[in-house]
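A, B, C, D, E and F label the chains in the order they appear, each numbered from 1.
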């Protein structure tokens, strides 16, 4: 699903940059003699990487910020050096936000609320009628200006900037999303129906990692802690044999 | 302007493929394990080439049909062989239209009405809720199912296919279009204001090719003939010295 | 060796597509105005990936089917999106086999007989005089129509399709194969001659993974089971210290 | 037709490098740790350029010699600098021939016999069992060791080097060649049948350039001179209006 | 020679950016997490294009300004959209000069003094210890701060910016320059010695375009005018037959 | 730091190839009609890979030797087959050194003195005034002709070959090196100051791997052995929990 969100991010942003949609009225990739726009992406995970590579392949200027140098290195290698990367420090965020035509929040931390890297002050310094996609909205969003929207009414304007904060972007292309999910889930389902639940869980412990609760216990420590539920380590239930 | 239309064609098509816009609900470039969509482009001129190259750079399957092998060869060279090309014969059109998710009419013949390469029967054989962009609509369109629409109300459904027939696509990104036009026109304006009209026309006969009428005569033969106006060859007025 | 087979697969297929070899008489990569052929590859392992990347780099249309989405993703990344991928379901196999000019069976399951993904009915639906390379023939082949051939008499025609089922493709380029094998084996031989067998096996447990039998026991469980031999886990003999 | 010959040259050479065909037994593109082979191409016209680009895209080391720096420059631009180019001086030919695994003669001079750039002495200095394709054989060949062969019996060995001297390479892929020729010829035929011969020749003087004789005269000066026929300049018959 | 200057421009700039050479102490192409530098190039002719493509291939951010949209388009096509282009208006020059780490003046107008696009005020706004290469210095330079230097003493500091203004850059690689010149000149010399001067000039009128004076006349109009010499059109002396 | 050294290696070599610096006076990447130079790199680690990829992207002929086929394979994949690789056997080293214009020693073995792969005899066989960069000089160098130099006096000539043996290449671009180091170190410093030393070491055992001595013990076995210091396994001190 992250791959879909990443691949849709740039076309969605380009759509809202059109004058009729209230945007700046610019063509993101520019033309000979008309400089291309600047896309700033916070987060070099799956969403951010797909969005960055897609933008770069179209000749758009792309900057990606992340705290993890290793992720930035992998992204640079995959793009053949077409993407500018920098550490996601407050200094760099403050320096690059004002020159962006499109800002994409793709900061996703597993099972945790996203930290607020952006606020009103920063958003206000963006160019008028530029576009901000907060894809981390499903875990709270990465800006104090973000609030969830939906596919029927996807955008609002705040501080002069178009905010797109739809949590379920893949629902825009349900046919593709369905096939993609089936591709991943079908092998598990086949295994479950073929061997029965207990046998399948023993044979393939990855299956157990998809459980959130089991036998009255919560199997995810972070969730158990924050909701004060009895916790049990999934490892003690269905241990993974490490490959040798 | 053709470059802008060409660069916008694929994002526009992708937009209308979304389920919420009435389209097939597919992600044009696919995912690992989900085949990408097929884009069929009629015409390998500026519009068709830009659209084809953009689609190919995203991993979409692209086919381009044209009558002119030379144009197809240049396009293949520029794409490094990523684009499938074929002659625009009725046989090939009939073979490829039914497998396209997106069909782009980019057949533009200088100062002439576009021939109708497509009709109801062919369009009906497209996949349900696929998208047809007729960019040649400003010269009559290349399908009998095309009629002009506008930016405020850009699409209609015909034979189960979404038709996008906006003649002035560049108006969707007016800021970029304005800069691009100024880049081209400004040198001429500077020349006109610096030297005066008659001197500028003598010094730079290209300028004269921009005139449609002069001294009571129409300077474009096709227009003169079709509207029955007195005609004068622009060459006799402001002859071009051929470069040596 | 798999890399060699993968790199030779496309040229071998192109060779048998020539009219004089009994093939369709087509140029696999096409020409401007003549669409390129379609190569369908079953299996995204080493053989399938090398073959797919080579075909794609020449502008041939390539489809790769595999059950493992992760492998398809890595292949798409390496090809820059030039390869169409899909899940190796019976539905997809039945859909794509009839449009292929070249079909490559590259389904290799470690130490197991290859499953039969293809049969007479499917092969018959291929285009007449198209080419099928069954590279999985050394483990039984992936089609009921496959039977092993050899370098001196490499092909036969079945259901109108040219079958190439040579199990030892690298033997076609013995000089390259020899250097490649030496590059891999020489370090082990140096270690064995320098330290003696027992010491070398203790110091480098990977060496032990190359043993099929040792001290009267079969060290490969699948082979021991199918042939009913006494089995011993190689891990208990020469344990691998996992890196920390 | 030149494009077909150029695209087939590398696969043909790779085929004859196989041990079973009498060649060196090497994989032209090499493997990690096994250096790729060297292809030397004489002539940077259509045939040489297609062959060079195809080889380079596979990671083969390619050198192209030509007398015309402009052609070498265009080839380097198209290959992104992957091809080594040099002037086709006797010094360079003598320097590079001995290191080539594959030598391709693609020196074609319009309507003239090809000059002999290679002789026994040079060919003898090639590596044993390397491959020489003389594609210029249809105008006499570029080596004193070349003599025409045919598709049924395409090669012979001379000075330890496999010679492939088939003049009509496109006949190996007749289906593709037929479509490609039709794509080019059909528009002319349509014009001829629509307007009649005299009218068509007046309207499209390019057509006249396809005539070798007309009204008792030979229209090609070089042929008329060498065969002592009465000559008439095609220009005087069907003058070309130069575009303005 | 322009190609050599263009290819050396970026390495020369990178050299003077080193701390030991007095430069900013930055690595032009950056690292993962360290943004690459910005190169601004004035002029999209041969020198500017080679420099821009080289910088872009290394992952440096490149902007190229020129007055001619056609040249910018060709450059964008060749770079696959990796280069940002804009019109060389005073507005754009003033906007981009202050963000450049390296500024390259490559404005060359045939046989005319280069216009001054830059002055003290603009140069002063560059980053401290950035690098300015004025390659147009052999026709007067494109900045009021430029004065010719030489290979033995190539740079000086002005307004805090390192100026490199060597007019004969190809002399840094004399071996390459000699071969390149010979490749171009040798065919003309062969023609002259083979046919004699008068015959050679008639047969190959391009040769005559290399003459500055002939028979007491100056053959270059601009030079004749500025030095008040008797002028004769080279066309009247050795007319070029235009190709048909 | 290795990435910086790798990225600077080619420009440094190109600088010393200039005639004024005493080098061969050649342009490493060549020109159309002037073959590019040959770069030979010993070692396919971080330094060697960055240098090889940079050279290849400029159209230079690159050969990389390493003992590890896996590293060579990854390098070939990243370069799209543009780099020739071979096993680092004495045979191959002796074969390729004499044809190199630039030789780069990038053989780095963790915490060990570099083996001498090159000696006077081999270096003498290089082309006169070619360039040798020994980047492994900080661990003793890979040639018997290498001795450390410094940034102020970086090169000397030995056996007719320019030797560049500066151990601290990143110091040439201190600004970039500082940011790169800070990007890596800052997260550790933040952790240390936030949690205190003991807590930080427990929570993030990677931190402990940066210690060379602790509590009177040397934590690196190779150093302890060679200097005869009391040794303690870091693992026993701060054990790494392996991910599951």
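Throughout what follows, a residue touches a chain if its C-beta (ideal position, glycine included) is under 8 Å from a C-beta of that chain, and two chains touch if they have at least 3 such contacts.
Since the structure is predicted, the reported quantities are computational estimates derived from the model, not experimental observations.
Validating interface symmetry: for the copies chain D and chain F, is the fraction of residue numbers used by both over half? Same or different.
same
Taking each chain's centre as the mean of its CA atoms, which one is farthest from the centre of chain F?
Farthest chain from chain F, going by C-alpha centroids: B.
How far is the middle of chain A from the middle of chain E, if each middle is the mean of its Cα atoms, in Å?
The computed centroid separation for chain A versus chain E comes out at 45 Å.
Could you grab the centroid distance between chain E and chain F? Build each centroid from C-alpha atoms only and quote it in angstrom.
Using C-alpha averages as centres, the distance is 35 Å.
Cα centroid separation between chain C and chain E, in whole Å?
Centre-to-centre distance between chain C and chain E: 52 Å.
Got the chain E residues that touch at least 2 other chains?
Within chain E, residues 29-30, 32-34, 58, 69, 87, 183, 242 contact more than one other chain.
What topology does the chain contact graph adopt: line, ring, star, complete, or other?
other
Which chains are in touch, pair by pair?
All chain pairs meeting the touch criterion are A-B, A-C, A-E, A-F, B-C, B-D, B-E, C-D, C-F, D-E, D-F, E-F.
Please name which positions on chain B make contact with chain C in the complex.
29-30, 32-36, 58-59, 61, 63, 69, 72-73, 75-76, 80-82, 84-87
Within their complex, state which residues of chain E touch chain F.
3-4, 7-8, 11, 14-15, 17-20, 24-27, 29-34, 54, 57-58, 151-152, 171-176, 179-180, 183
Can you tell me which positions in chain D touch chain E when the two form their complex?
Contact set of chain D toward chain E: 67, 69, 77, 87, 235, 240, 242.
Along chain A, where are the residues that touch chain C in the complex?
Where chain A meets chain C, its residues are 78, 183-184, 186-187, 242, 244.
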